[in-house]
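Shared between the two complexes below is chain A, which has chain B as its partner in the first and chain C in the second.
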Partner chain A sequence: MTFTSFEFLLFFPAVVILYNLCPKNLRVWYLLAVSYVFYALMQPVYLLLLVAVTGVTYGFTHWMGKTEDEKKKGRIMVVGIIFVLLPLFFFKYFGFINDVFFSCLRLIGINCTVPAIHWMLPVGISFYTFMAIGYLIDVNNEEVDIETNIGAVGLFLSFFPYILSGPIERAGNMFPQLKKMPTSQPLDLSSGAKLMLWGYFMKLCVADRLGIYVDAVFNNIPQHNGTTLAIATLLYPIQVYGDLGGYSLIAIGAARCMGIKIVPNFNRPFFATSMSELWRRWHMSLINWLTDYIYTPLSFALRSWKVWGIVCALMLTFLISGIWHGAALTFIVWGFVQGVYLSIEALTQKRRSALESKYNLTQKWFYLLICCLVVYLLFAFSQIFGRCVTLSDAWLVITKICSDRGPVFIDRATFAYGGLMVVVLFIKDFLSEYHTDFLFGFNSKHIVLRYTTYILVLFLILLFGVLDSSQFIYFQF
Partner chain B sequence: MACVVAIDYLAGLFCNKIHEDAYRNSPESFFYENLLYNVRSDILIIGSSTASHHYDPLAIEDSLHLSVFNAGQDGVFFIIQNSIVNMVLDRYTPKVIIWEIGETSLSTRYDTFAHGHNEYQSLKTLFPFYETDLYAFNTVNGKDAYQKYRMMSQSYVNNSLLLANLRAIINKESIENKGYVPLDTLGYEYPSICCDEFDDPINIYKIDALNETIRRCDSLGVRLVLSSSPRLYDDKVLSSQGYMVLKRIATENDIPFVEYYSLFSDKPEYFKDVDHMNERGTRHYMHYFIPSLKQSVN
Partner chain C sequence: MNRNEICEKLTVIFQEVFGDNSIVLRDDMTASDVENWDSLTHMLMITKVEEVFGIKFKLKELNKLKMVGDLIASVESKLQ
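Coming up: the complex of A and B.
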């Protein structure tokens, strides 16, 4: 069952109704049961793994709670993190490291083989692993109280709206809410439904529509010329935004229907005027996690290196981000490229700020537009490594874009419907970004206009959305 | 909710009206509607993209002096093909049906999206016939338990059709080459032979469906010819379960199985990709296929 399946449209309202009928003191256990059922319907065996990670997290946080000695507490935390990371390592990275290690041995003439182990990746493992690690660190740093209710810990790690593809939540945000387990208010239901509706629009009308074209091109790279590959490269970031951004909105909206507020994940990223701003608007839950638990401690430890310390911290943080996205060299290169972009910005920050101040550039619309376009192009280029399966494919795409011109491969339906939906998306984002006082559509004061917007978006989804089965791009993270 | 239902109904009326006008203006813009309502050729070619790109009706017509139509379409797999064959038989009886069929046709390979395609990915082709044709009705509802509820929404039924309808209203289109779609011969790198193995289990329901269709063709006096056109795969495909089952079915039912799977395995220049011959390859294939077809139908 995925968010876009018919079963979810039946499942979710029933869950919300029963949640509100359930006594408050049982709601944690009710939602935990629902979340486990939701997970088990996809991968029943790996539910045991999720339960095990929950048990380990709960056990180690309590062990830390009973320890007075700070150093011992830190050691317990490290051991706990290692235990939590072990399943992620074995399921996601073991095969990759195995292949790389034995390839290196073969390069120096040592030929040996190990039977390949093909694990099916547990859905959501990257997400709940990071949440568990974040909780362990927060307990060690005394930023959150230790949760005594194992059901709440289980629910924190397995909550069905975000278990599959995030956002990556924090203990500090979730546990207080799980203690209250509020009843759904009319505002919660309407806000949640609106978020879900827009999320479905982004996913079905934008992401899946563009995905038809992008997949057709990137799955047949040798068959397409550079011009077509360039178009697909430019469309891919919008596809990912629609996919992950749409999914996140559905997750946030679903939780909101139950009165639970989850952290936002995207904030109109294509209006960023610098790469660092893009990364404050794109996959925010992941970046905030990496910033709090990787980048900040690293940059503090390397503070004596001044700006080069920042550069090193950035490079390492984004290399880890790349590795988190996937066990492949392409993702490592993707992370490296992001790190390079941000490092260059860090190194040139003073000069840029001075130039912007001197000519008052940040008030000029053409400067902001050029910055947005440059940022988009740089991001789209880096996403070639995120989209291609191998480095040789990525290199082929880049060389073809630079040298192989030709007629564009056109799919009329994708360009027409996809183009129209992208325009709708950008108009909405533009109004939200620059005209926050313009209450239109979903936020209109006039009830007729609001309901007209809801119905219009619903029919855009039904008439133009891709309603056949497909998967979210981030499904196997 | 009532408002949504009402608007959905009105949207459906509007879309249906547009479609009627579009079909009246340009029936050949709607391939399967045109096939089922207008085509009455002596020989019908059914299949997916391999059928569409590998069989030249004009070459077959020249030789057999019978009218031919190529009803192959990209992305249409066995379940939909089987439904189309039966829907054709409901309307008229061609003399010969050439059914392009392969090693994955009866397997479970495309029962899910695990390999990038799915049996039901072209289900929309049957939507125009859902309310009038039992085969279409059963096939559409066979997708999953909820499909019949989705079909209650007029907006869902008309999903992604607006552009095609508007184009058909503005521009009258015609089907070229009697449905045959030749692929370019030049301008790309020719593929290398593929060593993929197709070891997916067999779907027994598909075997039953094929047997039933074979019996129906026999009872109506339609000569059914199963055909496997050239591909650029390693020979081990020929010993795959899927391929062996096809041969067995053809033998048991005494119907011809014209096999040329490995005919051009040493000629990559005849292929656009490992599954599809280009125009040059098709032209050469017709030199082999047509005599075999003549033999099969006589």
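Coming up: the complex of A and C.
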């Protein structure tokens, strides 16, 4: 059962109604049971893994709580992190490392192999593993109190709105809310429903509509010319924004309906005027996690190297981000490219700021527009490595874009409907970005305009949405 | 060194690292109040503070600095 399935439309309202009927002191256990059922309906066997990670996290945080010695506490945290990481390593990276390691051995004439494992990746494993690691580190840093209710720890790691694709939640945000487990207020229900409605629009009308074209092109790279590949490359970031951004809004809205506020994941990313700003607006929960637990410790350890310490920390952080996305060389190159972009920005930031101040550029619309376009083009280029399965495919796409011009492969329906949906999305984002005082659509003061907007968006979803219960891109991570 | 002297020196550091001579420090000031104060420039600022005051921070201490007032208090306690 995914968010876009018909079953979810029946399941979710029932969950919210029963949540509010449930006694407050049992709500954590009720939502835990619901979350486990939700997960088990997708992958029943791997539920055991999720329970095991919960047990390890709970056990190790309690052990840390009983330890006075700071160094010993740190060692317990490291062992806990290793235990939590083991399933992720085994399911996601073992095959890749196995391949790379034995390929290297073959190069020096040693022929031996370990049988490859082709088990299905447990859905959501990258997300709940990162949440568990974050909690262990927060306990060690005394940033959060140790949670004594194992049900709350279980729910924190498995809460059904975010278990499959995030946002990556933090113990400091979730545990205080799980203690209260408030009854849904009318404002929670209306805000949550609005977020979910817009999330469905982004997923079904934008992501899945564009996905028809992008998939048709990227799944047959040799058959398409450079012009067509360039268009698919330019559309792919919008597809991912619609897909993960839409999923995140549905997740945030679903939790909000039960009075629980989940961290945001996207903030109109295509209005970023620099790569660093883009990464403060794109997949924010992952980037904030990486910043707090990877980048900050690394840049702190390397701070004596001044700006070069920051460059090294950035490169390593984005390489890890690439590896988190997948066990493939394409994702490593993807991370490397992001690291290079951000390093160049870090090294030139002072000059850029001085230039902007001197000519008051940040107040000029054409400068902001050019910056947005450049950032979009750079990001779209980097996403070629995120979309292609192999490095040779990515290289073929790049060389064809640079050399092989020709007539564009046109899918009229996708171009017409998808284009219209993208325009609607960008108008909404543009108004939210630059005209915050203009209350329109969902936020209009007039009830008639608000309800007209709800009906219109629902109408767009039914008319232009791709309603075939497709998967979300980030389920594979 | 008293609190005012620490504030004066920190102001100079902030103005230099974040490239804005108009910055005036307040206790409740956070990264969102200062342009260019992000995770990249934050560590440059911390390194400069360590250099100027001749002190060393621990990572755990850095994680607890939520606003400028916390930074001033931390520097003050290390200089005592």
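Please note the rule applied: the second predicted complex is superposed on the first by the 477 of 477 C-alpha atoms of A that agree within 3 Å, B and C clash if a C-alpha of one lies under 4 Å from a C-alpha of the other, contacts with A are read in each partner's own complex, and residues count from 1 in each chain.
Simple rule for what comes next: a contact is a pair of C-beta atoms (placed from the backbone, for glycine too) under 8 Å apart; a residue touches a chain by one contact, two chains touch by 3 or more.
Nothing here was measured: the structure is a model prediction, and the numbers come from that model.
In the superposition on chain A, contact of A:R280 is made with chain C only, not with chain B.
Contact with chain B, but none with chain C, is seen for A:F6 once the two complexes are overlaid on the shared chain. In the superposition on chain A, A:F300 contacts chain C only, with no contact to chain B. When both complexes are overlaid on chain A, the residue A:G309 reaches chain C alone and has no touch with chain B. Look at A:E143: by the touch rule set out above, it reaches chain C but stays clear of chain B.
In the superposition on chain A, contact is made by A:I455 with chain B only, not with chain C. In the superposition on chain A, contact of A:A346 is made with chain C only, not with chain B. In the superposed model, A:F366 makes contact with neither chain B nor chain C. With the contact threshold set out at the top, not one residue of chain A is in contact with chain B in one structure and with chain C in the other. For chain A in complex with chain B, the touching residues are 6-7, 219-220, 222-223, 412-413, 416-417, 451, 455, 458-459, 462-471. Of all residues in chain C, only 19, 36, 38-41, 43-44, 46-47, 50, 59-60, 62-63 touch chain A in the complex they form. Interface residues of chain B facing chain A in the complex, by the touch rule stated above, are 3-4, 7-8, 11, 15, 113, 116, 118, 120-121, 123, 144, 146, 149-150, 153, 155-156, 158-160, 162-164, 167, 188-189, 273. Contact residues of chain A toward chain C in the complex are 141-143, 276, 280, 291-292, 295-297, 299-300, 303-304, 306-307, 309-310, 313-314, 342, 346, 349-350, 353-354, 357.
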